[in-house]
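Once you scroll down, you'll see the structures, which are given as structure tokens.
You will see subunit A twice below: alongside subunit B first, and alongside subunit C after that.
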Partner chain A sequence: MENPIYTLGVDVGGSYVKVALMRYFHQSGNHELVDKQTEKIRKRNPKDVVVDAVNMVLMRNGLNQERDIAYLASTGEGEMVERKTGHFYSMTSHARGGIFFNPEAKTVVDMGGLYVRAIKVDSRGKVIDYKMTGQCASGSGQFIENISRYLGLAIEEVGPISLQADNPEVPSGICAVLAETDVINLVSKGLSTPNIVKGINLSIANRVVKLLGSLRAESPIALVGGMGMNEGMIQAIEEISAENKRNTFKFTSHPNSIYSGAIGAAIWGGYRYHKLKEKQAVLAV
Partner chain B sequence: MYKIASTETMKKVMGDYFKSLGSGDNKVAWCTSVGPAELLRSFGFEVYFPENHGALLGATRSAMDYIPEAVKCGYSGHVCSYTTADIGSYLKGETPLSKHYGMAGAPKPDLIAYNTNQCREVQDWFGFFAKEFGCPIVGIQPPRHVDQTSQEEVDLVVAQFKRMIPACENASGSKFDIDRFREVVRLSKEATLLWQKVLKTSTAPIAPISFFDGTIHMGPIVVLRGTQVAKDYYANLLEELEQNLAQGKGFLPKAKTRIFWEGMPIWGKLRMLSDLFADNAAAVVASTYCSSWVFDQFDERDPFESTARAYTDIFINRSEKAKMDMLANWFVEYGIDGIVYHDSKTCFNNSNAKFGMPQRLRDRTGVPALVIEGDLCDLRFFSEGQSTTKIETFLEQLEDQKSAVI
Partner chain C sequence: MNSLPKLIQQCKDLAFDLQFTRSREWKAQEEGRVVVGYMPVYFPREIIHAAGGLPVAIFGGGDRKQIIKGDAYYQSYICHIPRSIIDLALDGHTNHFDGYLFPSICDVIRNLSGLFKLNKLGKFVKYMDFPQNFLPEIGGVFYQQEMQHVLHYIKEINGKEVTAHDLNHSIALYNTNRRLIARMYDIRQEFPWRMTIEELYYVLRAGTVIPVEEHNDILEQVVAHMEKEIGEPQDKIKVVVSGAFCEQPAVGLIKAIEEAGCYVVDDDYMLGSRMILGDIDPSTDKPLEAIANAYIHQSQYSSSIYDVHNPKEYRLAKIVQDRGADGVIFASASFCDPSLLDAPIFQKAFDEMGIRYISFQYSENINQFKVIKEQVGAFSDSIKLWEDDKALVIA
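Now for the complex of A and B:
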């Protein structure tokens, strides 16, 4: 029976700090997510937010970093994680996290606070190719947050409410500023909140599907990142994709998808820990 | 920390140039940066380059204060931000030339000359000032986007150059002198060949001059080509860089990747971008922009034809096929790992990422490409956060592919 190690992944993004505690099984590869923590950065120093989130997870599980954690891996804004063992590139981490959620995935779509990126991966989660959305906030999770605030919705409500839409209206997909003015217009026209939110999701979904087309993405496609938890967004992506008969995209998602970067980093951390150990063993001989 | 010592000389050279413009001793011609400066100089004109002023407005980040002034006059905020910033600066009566060189403003032109080899916007831009100053204006309109420039096309441009002569004679009060023209072309050629050698020092594994350094050191080849001053400056700069090369000194000795910059500089973000690439151990060693002032076809034995050909053959004025050939050759020559295209919002003509070329060139050469959106002067079109993420992701992947180790 294999003895696992504990690894921690810390993903510092534009809006949130995500922490994942993993039980890492080097031989079987059947890693387990033990605990998780999300903290919104708001106006705080991200370094302090990281310390709080990591301490919270350690305390909850009765663990001590020095004694129990084999590897603390950072990803995203790695310099904000002062207690890290090592750092992993953001896209590499998200790709690996996507494979954790769906081991069959050939493409991972990371839908974060600032951008969307579609990543072609191999079975280990190594990046083969990728594409990112252009410079515009209208393709980002932050945009959804802004709109939800305007509509008086909590971010958790955005997904479920979108599912209630019966006649969505899609705002401008080109520019966040124009889209926001469109939304104001839709509100004053009396359009229902579910139809507005679904329209926003459809407009972002449209960009995601185009991105996948230009990448010549293969299915199954794992949707990860903060927006990957939004079931309204997932429904919108599936609908837009189905409209184009040439697309045969098949999507999967996971309620923990916001942790994809942290999970991926923790898994790569475990892998690096064992590789370093093997190297040291060889040198000792 | 690595420093190019010649930078101090360069500042003096540029300072002297601007002061000479303000002296009023000579007639002044305005000219596009890849325009017929040699012909103008042969008449004894001091030559002033509004594009250089545009770059200054960008680098000092004052462009955004002036662009709205031009917009008020009907110029769209989406056309060339050199044009709108320069016109706005004039309308507002403010310029960084005052602070940096003690000048009241741009020198009043006696003649304005432009060449649409780079874009048609220069015609509108320079036309505005011709009207403002009641000054004669001459234009060169060569064939655009040429694949291989034919003899007929060169002949057409030669004829246009020759048609400029009466206007130059009237404005300068000097008769055209072919020997003087030959001499200016010779000096210009010698300076431009030295500039080419300067750029090529960075084909070495430890490159002594980056694209970002190049955008600063190219000042004299833009505004002073055809003069002994420019030639001497590049001879000294080359000597310094060759010494650095011999001593293994470069701007990023432990570079993990080598990058090509395509398109306009983002003038107000040069330092930020330079630091970003350096922090990610990426050496930006070459660019189409800095290479655009290499006119290696100049030949004083045939000054009209050789300058007509060189100015028509510039990168920006070539077909996609010709551009791809040039880029593919540079990739090999400079050992390039990845190319970053700057898709400039207001410089359609010098943005090569809009018609699928990055994908086609990547398929042909295997060199990965990244497109970032921004602008030469108007930083409202540039998102630092999003661009940083894109560039970091790109560099991470390049490095990852090169090392293939995790």
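Now for the complex of A and C:
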């Protein structure tokens, strides 16, 4: 029976730190998600948040970093992770995380706190091509968070409430800076909260589908990142995609999609651990 | 011996002191001392030292100075460094400088020397041509004459007649300086985690604004620290950064490359301090000839050197091989003709040789590096994860 190795992936985003503990069986190539942890950064030092989140996962599983973790991989804002073995670029990590959730996926859409990125991947998780939204924060998870705050909703409520919409109105333009004013305008027009949220989701979904079109994306498409857990957003993306007869995509999502970066980094960490071991063995001969 | 963090901080403070305080203090310590500013890339500092002067590099204001006057002198499609250099001078940052040297790099720097003359900055302004003919009896003699001109300017200020003994003493000090710098790079090649490229940059850049004796003392201490087992290795690729660096990138960019998953095992950020490879003969009765010959026979490749018989692309490829680097990062200053004209030559050769590379442009005052970090991160991952696939080239 093969002894697996443990690897940790730490994804430092704009709003959250996500940690994934993975178990990797080298001979079979199987990966298992053992544990996970999300911490909101709020106004804390991200380095401290990382230490707390990692320690929490290690403690829960009775592990010690030096003794038991073969590779600690950072992704996202990697400089916030001080005791790491290596760093992977966030697109590389999310691409691999998407393949972990759906091994059949040909495209991965990372819908994170700061941007949306559509990534074409091969079956190994290698990035083939990508397109992403610009610098503007509209159409990002942070934008949805702002909207939920203005509407007095908890972030967890945003997805389910969007599903209750019966007559959504898509705003003509969305600007993260002017979001509060936009929301006030929609409320003063008498729109219900579900219809406002759904309208905003549809507006973002429209951008996502356009992004996929410009990438010439292929299905199935794995939706990952924080917004990949938002069922209202997923519904909106599916609706917009269905309206577009030339590009009808098939989407998949996963309840752990927020961990895609952390999981992908941990998986690549396992790969690099064995690769480096092989190189050392060659050098030793 | 000072601690490494203390030495790094000291170097950082010196390197980015836009008031050039150490040279002011040095000048005030003794009557008749001469401070000479020089522009990038390379100048034989030995001759200024031998003449009783302090050579001080002027690398521009970087991202630490708002340019107001400088923009009036240069069009928007010209690189950034000349506007920040003239801005520094016109704002009085270099009022204590006695003269300015403009080594031959490009037309922009040539024009900058003209602007310094028009504005009557310093007691002398010298645009210094470097030999493009690499025969000692032609280019070498010409170069010696150029150095004699500089010595003449300084003599007019302090009356000092420079002897062979003075020059040999200065050459020996700069030989030590070059050896210590080379040692730092050699240690980093094997143990790049012992000091970051950002810290190394501070240490080298500090040496361009202080007396060589003080810099040698700092370097000896830094090397002693680097010889010890310090720091923790990380899983990163090794790269060489090449940019014909006259205009310096912001520190954030230098840092971003390593943060994105690379160890920089060689670079040409401070090319001037490493231009001469190895020692210059410090025991000859013709020291100017020795300096000229060192430039002709021992100089590093550079975009400002015409080297048709010793192509730079093969020299850079040799550095990549010798350093055991996985790839090259080409960074060119926006609108930098020498660097951008070299880029296709390097890239064509590297495509043929199968050396992986990426390239981007920067400006000294830009401090948003997300896009560059992403490009470098993708490059690093492509080597770490897909090194067995066909070489990836992202231009």
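Going forward, the second predicted complex is superposed on the first by the 279 of 285 C-alpha atoms of A that agree within 3 Å, B and C clash if a C-alpha of one lies under 4 Å from a C-alpha of the other, contacts with A are read in each partner's own complex, and residues count from 1 in each chain.
By our rule, a contact is a pair of C-beta atoms (placed from the backbone, for glycine too) under 8 Å apart; a residue touches a chain by one contact, two chains touch by 3 or more.
Keep in mind the model is a prediction, meaning the values are calculated, not measured.
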| item | value |
| --- | --- |
| Superposition on subunit A - do subunit B and subunit C clash or fit | clash |
| Which superposed partner A:32 touches (first subunit B, second subunit C, both, neither) | neither |
| Partner chain(s) touched by A:278 [first = subunit B, second = subunit C, both, neither] | neither |
| Touched partner set for A:14, first subunit B, second subunit C, both or neither | first |
| Subunit B versus subunit C as contact partner of A:85, first or second or both or neither | second |
| Touched partner set for A:115, first subunit B, second subunit C, both or neither | first |
| Partner chain(s) touched by A:243 [first = subunit B, second = subunit C, both, neither] | neither |
| Which of subunit B and subunit C A:156 touches, first, second, both or neither | neither |
| Touching partner for A:268 - first (subunit B), second (subunit C), both, neither | both |
| Against subunit B, colliding segment of subunit C, chosen among 22-30, 112-120, 148-156 or 184-192 | 112-120 |
| Footprint overlap on subunit A, where subunit B in one structure and subunit C in the other make contact | 88-92, 126-127, 268, 271-272 |
| Of subunit C, residues touching subunit A in the complex | 232, 234-236, 259-261, 374, 377-378, 380-381, 384-386, 389 |
| Of all residues in subunit B, those that touch subunit A in their complex | 372-374, 382-383, 385-387, 389-390, 392-393, 396-397, 400, 406 |
| Residues on subunit A engaged by subunit B in the complex (per definition of touch) | 14, 88-92, 114-115, 117, 126-127, 130, 132, 134-135, 268, 271-272 |
| Contacting residues of subunit A [partner subunit C, same complex] | 71, 78-79, 83-92, 126-127, 268, 271-272, 276 |
